[in-house]
């Protein structure tokens, strides 16, 4: 008993299984990089690495919020549509007021409000998150289309565009944002009471409730955060492509979900990490980057992505076996 | 809770109203506001349009009852229809082509089943993966082009009628009754309820859970193959984007129909109503010339309202 | 006299990685007898039964059917010898009807291949249900049934396979007294029809009331096979535990009640209770007795804020509360729910995670979580409650029932709760551990806490509680002061006249 | 039950707020999606013309962008409504042939614009020749880089008629300039973000890029953003002559954009449909001249489409 006690004085509260998975996943990234490096001489250049990081930032920001939702055994299919609407609103606010800050506030605010709505549908109205957010996706898309009426908003002040295309000390801005939210997300999940409660809810909502955890409120929070992150992501997109269009968020949702799953977060809730999601986002981005570098027929992209998702999760299940 | 026999086994009590109410409201609303709506021609039109989605929603109901999911079904449909088109053009034999399409469905169904049952990969992820694979294959085979030049004999399957009833409706009706029989009158169906409700019960009864799971996904794949036939006949061609996103429409229809994602609590008739409700909504809005953007929002509203009503019912 | 046993296991041994679950156990069962199988959790009872029904394969040992040597390598083989098991967690499918459940996997075929003959299934099911005197429409879906009814279905299921040997694993654990009587009546009927019954139980009263023979397992070994007449409860427990234990835990001393901690007035709720009035004082253990289904759990949940209430008020330390488990927890109320696994614990998470869950807000008022501090807090609890676990990182699912229960209690010590509601604290816990749980309750009240304890075992109420309320069909029908606290009184109030 | 009432009324109000039909002739217009500005221009064109000609147009757009089955369903629904005429852009030029045949069978006159359908009978086809536009705008860029250097092509959605023809035009222009090297030709699905990321990745492989031929304006914009992000210079051309493109030309960021005038196509398509209804003679085919918009001639394009007036058929056909 004593020795046992001493051994886990330093050890974290997470199960060793998580560590195992993180290891497998990093291994995957390394292998992928090694492969690409041998195939393409430009892959390992600093520029390209920064480039990959910048591209993964967008995916990660959406996926990081989603990770929390999936930790509670929920799902948010509306983030793509959320990005679109938030981006369009933010864009027009910037256009009208000329104030980037106001625009950013709008984008994040809009995202958060949408998330809040999702949270209410799931908790107060008890609609399964899968369906609630699916319906929400359609409604948001409708509003976006209606609002944009097929037009494009473009040309934002340079200081705002720095957020997407700017550099600081030779590193692209989005990378800083990504790192920042990796830390915030990680701390929130691992080092706050709310984070712990979220894990508990994912593991067993009934127990959590009977242990004095305000399950409904935490769920609403989680969806709101997921929405806010989508809002943030929308700003990055805006700043990068310098324009907003109704279809901006299309086909961003499934990749984000894939990133979370490849990142080792379980759909059944209670286990997973934000850091894992970053790795997931990196893997998916690396694949696309590699394909462009090697100029592989883009038709291969969905196929390869699909195979990678399967592989990653299969390795997980194996890791769990060994872990237990 | 009523306790009158068989009906209970078929209808999850709390669920009955939602979709029915919505459907009635929609039909009443459109019937009043849009003259063209309540005509036999239009009703036939709505039903025909709903057939392909129904062919996907039926197996989706069964799959969801096993606490599973099949995100690949739309992409499999697409790939199957491409294979069908390519084969029929190459060989000129519709039968062979149809078998090929079924083959594709079978393979993907089998693949999903094995990955889920044997490799223990959660259905959502498995089928998300196979979705990518099917989509990729479709693009690779066609290079993004539609496949055209299909003999009329295939188109007949969609446009033809028997005794004034369009073939698609007959096929869909058959599919529905077959699925109903499977679900409520065969061992397969009984074990589907058990897969979602209590797998331990199956094990104790000495029935292979894995085998059953695989069968369920194979059923999904095969139905996708049938749907591919209708889709190809309808477009008189095959296109690598034709079925994109249909899996979510199907899942939504099932959920709207009152099948819950837990404990094998499913309701096949609800799925049928759900599919029709979506069809009626789209058709009615088109007849009213409602702007597309509003239509998009309405579809979302339909899904949420239907489940909202169910939720309210479930409370008491 | 030499009776050829209906079925016999000889020299059964079974090893799991690290543990010798069964060590040369021999066990025989005769036609028409009720054979009690007793022993602490982990003594090897369920392993033995799993081997009997073919779920596990023995490493060593032989089987004899009517004296003939046979082998049991899988469940179908076991079924061939008419061995059927009724597990604690039922193997029923909620959205199939009773008949389909009874014949699951053995459906009658109709002419069409693969199709089932529903009419025949229902008819046969009706016949079986009549046989056990269970009058219910076989077309009812199972999800609408109560625990007792589901158990009846399980039994019907077993008999429909013409079981000659019926294994029951703590069948009365979730039954009310009346349902228990029905069950016993049926067991008697089965005996007459020559069915042999292997009955696993932790309730000594049952063991002596029902058993024709008793077999005691301890640490995977067959300690004794004896007749009820030859032994006494205390001897039996000593055999089970391996050391003398007083089955009836007696509290060394009782603190004098202090101020009123909980005061409930005219509480009514939609979950099936009305006009509840009760008070609990500091230093008191107050019992809440009554039949299963009399509304005890519902009242507890409502007091804790887990269920809605429609009328009345709840005061904790004079402050009105209700409607929010969060507030209740913050104000120092604790609920130890009746079902550990589904309500008390997050089974997949670690022991440490579970222990700190309820206390998070108290331990980390800043809102920031520090694993180190959490570990310390958790370890303190583990030592205080003597929870047996190698590390804090072990999934709580791997602990024994007793230790799991301690974790659920420990959860609340961190939240420095001062009013505890225990709902069936000793369910599924073996005799040795029971005493420990009671010692724990005792300790709590001596530190000034107040306790409301729900239990179906009147004997526990009588020995542990200072006072007790008795409920019947959603109402409190009486309060028994310490001197009038007897099983007879509880039963008299509890059951319908 | 209260909730129920609320939700029901909610649906009703949501549903039956659609515009009612006006009397007089109605023309149903089919476009591919609600997100691409090009089709918005087309819709505006049809509406402007309709106002001028005193008819009513109703827009039908798939709720899922470019969804083949859905456009087919919408056609089937519209046939039930029997509008007087239809102006039609097929989501896919081959897969929608059955839809056209259904329209023909219903005896509704249908005018085809933008993407030439592979089958069915049309009153007329109004379009611009993707190939020659691609050719001429590519020539413009290749001339600007002095007939030599490294060029990248950003293709549209694989297999779409528009993309195929425009890229074919690009390639033929390349053939005329043997000294120009084609570094890569990758699809970016007509989308900004894709173009941006594809471009970013390609820039890693190719240190020197002189020109980018993008098959539509959004992709051109994506490429420009990518280049700016990496502080690299290259001439970029796009196609469509969208508002955004014109502004970029004005500010010198975009070299040129091929004028694929959706507005005029909308106008003329509608006008032909109406003339046909009035039994007036109509040309079987109207092809807009390939015009390259650049610094020299962008001014007329600055006016937002909503404010432009439709040219008459004669004006178009004559010049």
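Letters are used for the chains, namely A, B, C and D, taken in the order the chains are written, and counting of residues starts over at 1 for each.
Keep this in mind: contacts are C-beta pairs under 8 Å (C-beta built on N, C-alpha and C of every residue); 3 or more make two chains touch, one makes a residue touch a chain.
Note that the structure is a prediction, hence the values are computed from the model and not measured.
Counting steps between touching chains, the shortest path from chain C to chain D takes 2. In terms of C-beta pairs in contact, B-D outnumbers the other of A-D and B-D. Across the assembly, the mean Cα position most removed from that of chain A is the one of C. Note: centroid distance chain A to chain B, computed from Cα atoms, is 30 Å.
Centre to centre, using the average C-alpha position, chain B and chain C are separated by 44 Å. Of all residues in chain C, none touches two or more other chains.
Along chain B, residues 139, 143-144, 291-299, 301-302, 308 each make contact with two or more other chains.
Residues of chain A found to touch two or more other chains are 145, 149, 299. Contact topology of the protein chains: irregular, matching none of line, ring, star or complete.
You'll find the chains touch as A-B, A-C, A-D, B-C, B-D. Listed in rising order, the residues of chain C touching chain B in the complex are 74-76, 79, 87, 89-97, 100-101, 104-107, 114-116, 118, 137, 139-141, 143-144. Against chain D, in their complex, chain B makes its touches with residues 21-22, 25-26, 29-30, 33, 36, 39, 41-42, 45, 48-49, 52, 139, 142-146, 148, 155, 231, 234-237, 239-245, 281-299, 301-302, 305, 308-309, 312.
Across the interface of their complex, chain A is touched by residues 304, 306, 324-326, 328-330, 335, 337, 342-350, 352-353, 356-358, 360-361, 364, 367-372, 374-375, 379, 390-393, 395, 411, 415 of chain C. The residues of chain D lying in touch with chain A in their complex are 33-37, 39-40, 43, 65, 158, 184, 186-187, 191-193, 196-198, 200-202, 204-205, 218, 221-222, 225, 228-230, 242-244, 247. Of all residues in chain B, only 1, 3, 5-6, 8-9, 12, 181, 185-188, 190, 193-194, 196-198, 200-202, 204-207, 263-266 touch chain C in the complex they form.
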